[in-house]
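Structure in structure tokens, see below.
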Amino acid sequence: MKIGFYPGCSLKGTSREYNESVQAICKALDVELVTIKDWNCCGATAAHSMNRALSLALPARVLALAEQQGMDEIVVPCASCYNRLSVTQYELANDENLKKEVVDAMGLPYEGKVRILNVIQMIEKYLLDVIPAKVTSKFEHAVACYYGCLLVRPHKILNFDRVEDPQSMDRIISLIGGTPIDWGFKTECCGAGLSVSRTDLVAKLSANIVKDAADRGAKAIIVACPMCHSNLDMRRPDINEVLDSPIDIPVLYITQAIGLAIGLSVEELGLQRHFVKVNL
Amino acid sequence: MSETNQEFEPRIVAFVCNWCTYAGADLAGTSRLKYATNVKIVRFPCTGRIDFMLLLKAFEEGADGIIVSGCHPNDCHYTSGNFHARRRWTVFRGLLDFMGIDVRRIHFTWVSAAEGAKWADIVNETVADIRALGPYDEYKSIASNFEKEAAK
Amino acid sequence: MSKLSEKAAALLSEGTVGLVIGYEQGTHGTRPKFCRKAEDAATLILNDKCLNNIGGYLTKPELIGSGKVAVTATLAVMRTVVQLTAEHQLTDGNVIVLALDGDEVLQMASIDEIKKWLAAHPEDLSDENKALLSKLKALSREERWNFWINEMNKCIKCYACRASCPLCYCNRCIVEVNCPQWIKPWAAPLSNMEWQINRVMHMAGRCVGCGACDRACPVHIPLRLLTISMAGDIKEAFGVASGTGNIDGNVLSSFKPDDKENFIH
Amino acid sequence: MSKIGVFVCHCGENIAATVDCEKVANTAAKFDGVEFATDYKYMCSDPGQNLIKNAIKEHHLDGVVVASCSPRMHEPTFRKACSEAGLNPFMCEVANIREHCSWVHEKGDATTQKAIDIVRGLVEKVSRDHPLESIHVPITKKALVIGGGIAGIQASLDIANAGHKVILIERDPSIGGHMSQLSETFPTLDCSQCILTPRMVEVAQHPNITLYTYAELEKLEGFIGNFKATIRLKAKSIDEDVCTGCGTCTTKCPTKKIPSEFNQGLGNRTAIYVPFPQAVPNKPVIDKDHCLHYQKGVCGLCEKVCPTHAIHFGQDDSFITEDVGAVVLATGFNVLNTDFFPEYGYGKYKDVITGLQFERLASASGPTSGEIRRPSDGKIPQKIVFIACAGSRDPAKGIPYCSKICCMYTAKHAMLYQHKVHDGESTVFYMDIRAAGKNYEEFVRRAIEEDGVNYVRGRVARVYEKDGKLIVKGVDTLLGAKPVEIEADMVVLATAGVANAGAEELAQKLHVSYDPYHFFAEAHPKLRPVETNTAGIYLAGACQAPKDIPDTVAAASGAAVKVAGLFSQPDLVREPIIAKVNRMPPPVFSTCVGCFMCETACPYNAIEREEIKDRRSGKVIKTIAKVNPGLCQGCGTCVSFCRSKSIDMQGFSNEEMFAEVQALLED
Amino acid sequence: MEQWLGSLIKSGKRVVAPVKHDDIVDFAVISSPAQVADDYVQTRLSAKQYVFPKAEVLFSYKKDGKDVTIDDVNTDEFPETVLWKLHPCDVAGLEPLGAIFNWDYKDSLYNARRAKTTLVTFACAASDEYCFCASVGGGPGNTDGSDVQVTMLPDGDALVELISDKGKALLTDDIKGETSSADGIDKEKFIAKVEKKFTVDEIIKKLEGSFSSPIWQEQSDRCLGCGACAYVCPTCACFDIQEDSHLHGGRRVRSWDSCGFSLFTLHTGGYNPRTTQSARWRQRVLHKFSYMPERLHVTGCTGCGRCSRACPVDMNLVEHLTEIASHE
């Protein structure tokens, strides 16, 4: 089965292990990822906080390239890219002259018919009945699934899962043998882009998340967004400073959890790259 | 109608509904708004009651322009009279235009009981438009003869 | 005897129907044929040359009596039966429709059956009509006015258009109303135009597009263009197809709150 | 028509300033058919009206045109004057030469000529008018009230006390509605049962009121004064005459775990049950869906123990029809459940409850006998949070309107909580406090100042459960949007008031229009709030929009007086400006061809089908349209639609409008 | 011939001739000889409209308040008219028409127009299956009623018979020079042949006592009840009187009517003596072939076949008449 693939900058940079785990499980579950040729950066938070036209032109170009290369569906693992591509498609579909303006700017024909899936949607759509058969060592751990903000909001545009208490990752975790815990910080903010400019705030916000997960007995936190992962994992030293006692539960991508369950190695999944040691 | 300073004085009849536009015209009166004398009002209980043949009769009797107005959609005193009227006008106007009758001379609009000023503007605006279009001789001239050429 | 004649003769001899209305060969083309006895059915024919709309006879009680009637139906006649039933002029099941599928005779006794058959055999506008329509619409307003007033000048008010139309079944037509005299009944260019405007407006959403009015006109005024143009306007403005037996009311006696209104300002 | 009188009014200076009234009168005198024309300073004054009356008598006028102000002003005045002089009032028309002429044009020939044209138009119209008699529609002096809440009770009592018979139907086993579920009521804190139960008993015992509970309206036909209601009496499986209400059956019934609707699911009830102690009628019904006998064909204990053998298994729904003259809709409202709110846990947390559930907790007849106890573990909550505007004023959730009563009952709940749990701490998150009724503001101030309820102005973003506590994450906008986090024991949502279930189907049964939120639409929001656009059908209480008890009772009495007003005359007199199908001698009978497209055009369903039968054979010759004079409101949509011009309208007939248009364009 | 026609036009008289537009040939006022149509069998409408117009004003009146002034139609204003290239069956129609318009009330308008009309007929060069003039006492070369009859000869010449003095007056001097004697030309050779199917007397005989015969129903089942046959017929003289009223005055208008219409015989009281189409068809045939011969001693049909050609449902008159002739 073939599907378009848009990695985005994070998967080539700080979250290489997310890219490795996605490639690994797709190969294992014979899903062929066809990367969009000559893809460009989606502009993420930087673009849409600086220049609206740019923040729409960049993702629009990606979608235009996908259309040109005959893709009618693409998977976008990074939550931020998924969010920007979907919002752009929505806004151009509802504003004719905006669409004209963007199409003129990028010089590529654009229809906006490509279906955009985040990694959870892709798994739910194609792999739910394939995975159980491939599970070799059950992922028997109590984990806290953390969705963050960009995966589920704005609901009107993304229309993905429940806004306040999402269940999609929880379902996948229980599918591979894990027990997702019920906790209150599933969609609370981790500090996101303030990671560099206001690390203290990120520490405080992420500390709440990590503490609540640990208090409720979670052995790991499952995420599907490079930004969430870096704040909860890379900033763990700053988090532990804020907390009265350090917490060392690891942070895994959903694709890594699946990878472990279907027997892939630590190196294939890039688990060795994490700051908080993964010793499940 | 006395053609005073040689300027063409159009004769316009207005078919209006009693609950909204007629009351709107009353309001224009009580607010002493001034508008042209060319328009004469015919009161109907509702725009649903306006028969499309009356518009043709008005042209035949010598009208140069017609205003047809009633309550805004959802305001109708009888809940749906104006909705029916709107459909009737759409179909009738399309047929007239196809047969070459000058639909620019028929001004369809909604005027509520509170829009006295809008009524005055519409009257003045329609009078100016029809004055620009000139008398509707095309229709009136053949109204009474039996052969197209031989006007008896 | 063709299969059709046999079927008609059978219906008559069994007494299921008192009358079979069909077509027979006339001086030039075909013409309506009324069979009251089995042997009358011998000369029945049904092909695409049968152009009169014999559906119009179904609303004449003095002609068809009160019993059941069979009619050999072209697609236009079927649409007529559906529309007349929707307008409470025929009771469903009282008219047996005989249709030809190749040379097989089909007997349809319910409106739903007819509707299914019509859905399977859509009839679109002929190219000639489409061409004429677009030619006319391309003209300027003055040119269209001159075109139509010239055509209307030819009219002699013989009302063959009204008589041949199956949906003109009023027992007193508006043109016979003299208090007030809506339309002057004598032949004059303007009163002829007002007569056609009224006749066509009364066809809004009802015309089954059989072209009988156009063919009946002794002075060959292209009347079908008027109903075709209006049917196009209605489809585009309200999405309602004309003459499809819409039971919850005529297009002008029903409405949607969000109907289009681009000319009301 | 040959003798028309034209009376031109100066209206002091209002008309005379720009219109030469004398010239108008003189010109009118020469019109064909005009017998007498004059002008006078004030036509609407008594001398002016006497001028008309005398002229009618003197010149035997059979038509009058008064050229004066707008007919919307003095048409009734002049028509009354004409009828007093013996002329049929509908032979009098008013020509508007003030608002539409003198006031809006400058002085000059054109203005006077326009006035003349307007008068000529109306003269031609009058000359084609016909004398019309008012329509008399017989009225059945019996009312149907649908819904047995306080609105239905109040309306029924007022109509019954006005001496008319009332049929009151309620779909639950007992009347009382939501008010019977309340503990105390704002702003006086008097117990709701104490003020409601006497009214419920009064209804049950009132000679003029016939009460059917566990009953729903199946169908309503007819029109104002002549409705025929078909009512479905759902099978109670109890013979009410024989049952004494002793309650043995309800105690013996083995299935005890059915969530009680009356207690909003907080308490349980048996399969054969009486909803609440003070229920009227105080007789049980069998809930077929949960009764073991009906479901599995076993048990039947209640039948065995019943001393008077009142239990009748296998009883079917029955139907009764009632002729009524008016219908009062009093079907009330409902509140949203907690599962409507994702941010408050999708209804998953037991201790997040609605205001109505709090009422049950606080009510002495409730599951906790009045003690405030958490549904999860029954503990008394030390910290309680009330969230106002839960769902209301929230366009994103599709409920943009304010539900009007929540601010008040939230303050009441907080006050009751503080009275019952002295050391408890209660917080109310609010956006704005809407306490606009009498003594309402004082009531809320008392809750804040005397009972120490902590009011925080801000929205609650999320509620989630942790270690048995409910973490309420809110904000205090008055302290610079400082985040507020409370570890509460219980959270009460003041959820939005919405239309009752089935409101849309009921509205369609009665051809009553309703708004996008399925509240019934009133005829006019300000001037006719208790009437609907369908003549003879009235609205009372929250079925029209969320209302507190005082407004509901007021609206119920309003609706009742409308009914009593309708029933006070011998019959219903209506203006004869209605449509009529033409009738002719046989063999044609009418030019109507029975296509009945007018039926679909009429917004009031006033078109009926009339079968013309052959007098000898009884065979139906033709079926033609007939206008019901009781229902037709005279909009004329059918008249201008009718292809064969078989329907015409009295007062605005085709001939009259045609003549008026011709006359107006006369050069 | 063109020269003669040209001079007639220049003489200021109103010259009416068959003109072809689209696919129909009809009489119209011509301004040049070129307009005259040829190679057609029959015009769609008859020339009746020039003596009995489809709509004409009987009188008009003005209202000023209560007093009314009436003014009649000034018949002098009717134009002198030459009806060029009629067929013998058109001219034959004017005789029954005139008989009805002068039966008891002498219709001044009709007679005025008739007097100012000169009839130039052309013998029929062609006929079709609808023509049956021969069966009703007429013929392709019949000259009754014509002022002048022209028979076109193959070499472009024409045999001109001047029949009435009005016809003689038509031949102006400059044209006279061009003529030569016509004896020895056998007219029959150059005109169409029309087969004789029955005689009027046979029809009259058969129609006696046929009032309640079933034949009317059999023949007229398909008749739709429009007015086409009556309006194209050269001999139908029925008219309706209507009012063209406005406030300031109006006109009384006479316009064609047809016994085929259902409401033609509707009484004010609502009773209609002829309710079925077969009764109306019977009336049409009996009026022309029974009542008129008996009362006015003229046959109400010239056999031109226009009604059969114009009928939407092919009510072919000659077919029906042959059927009647061979009935019982």
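We just call them A, B, C, D and E in the order they show up, numbering each chain from 1.
In this text, a contact is a pair of C-beta atoms (placed from the backbone, for glycine too) under 8 Å apart; a residue touches a chain by one contact, two chains touch by 3 or more.
For clarity, every value in this text was computed on a predicted model and none was experimentally measured.
Counted as hops between touching chains, the shortest connection from subunit A to subunit B is 2. When chain centres are set by their Cα atoms, the one at the greatest distance from subunit B is A.
Centroid analysis (C-alpha atoms only) places A farthest from subunit C.
A separation of 46 Å divides the Cα centre of subunit C from that of subunit D.
Here the spacing of subunit B and subunit E, counted between their Cα centres, is 45 Å. Annotation: 71 Å between the Cα-based centres of subunit D and subunit E. Inter-chain centre distance (subunit A to subunit D, centres taken as mean C-alpha positions): 53 Å. Chain contacts: subunit D has residues 588, 601, 641, 654, 658, 662, 666-667 touching two or more partner chains.
Taken residue by residue, subunit E touches two or more other chains at 54-55, 244, 246, 275, whereas all remaining positions touch fewer. Shown for subunit C are the residues in touch with two or more other chains, namely 171-172, 182, 186-188, 252-253.
Every pair of chains meeting the contact definition is listed here: A-D, B-C, B-D, B-E, C-D, C-E, D-E.
For subunit D in complex with subunit B, the touching residues are 70-72, 96, 98-101, 103-106, 109-111, 113-114, 117-118, 121, 513, 533, 577, 601, 603-604, 633-637, 639-641, 649, 652, 654, 657-658, 660-662, 664-667.
Only residues 136-137, 141-150, 153, 182-183, 186-190, 193-194, 196-198, 200-201, 204, 226, 229-230, 233-234, 237-238, 251-253, 255-257, 259-261, 263-265 of subunit C touch subunit B when the two sit together in their complex.
Residues of subunit C that touch subunit E in their complex: 26-29, 31-34, 52, 56-57, 60, 62-63, 156-160, 162-164, 171-172, 176, 178, 181, 184-188, 212, 215-216, 218-220. Considering their complex, residues 30-32, 120, 124, 584-588, 662-663, 666-667 of subunit D touch subunit E. Only residues 61, 144, 146, 152 of subunit B touch subunit E when the two sit together in their complex.
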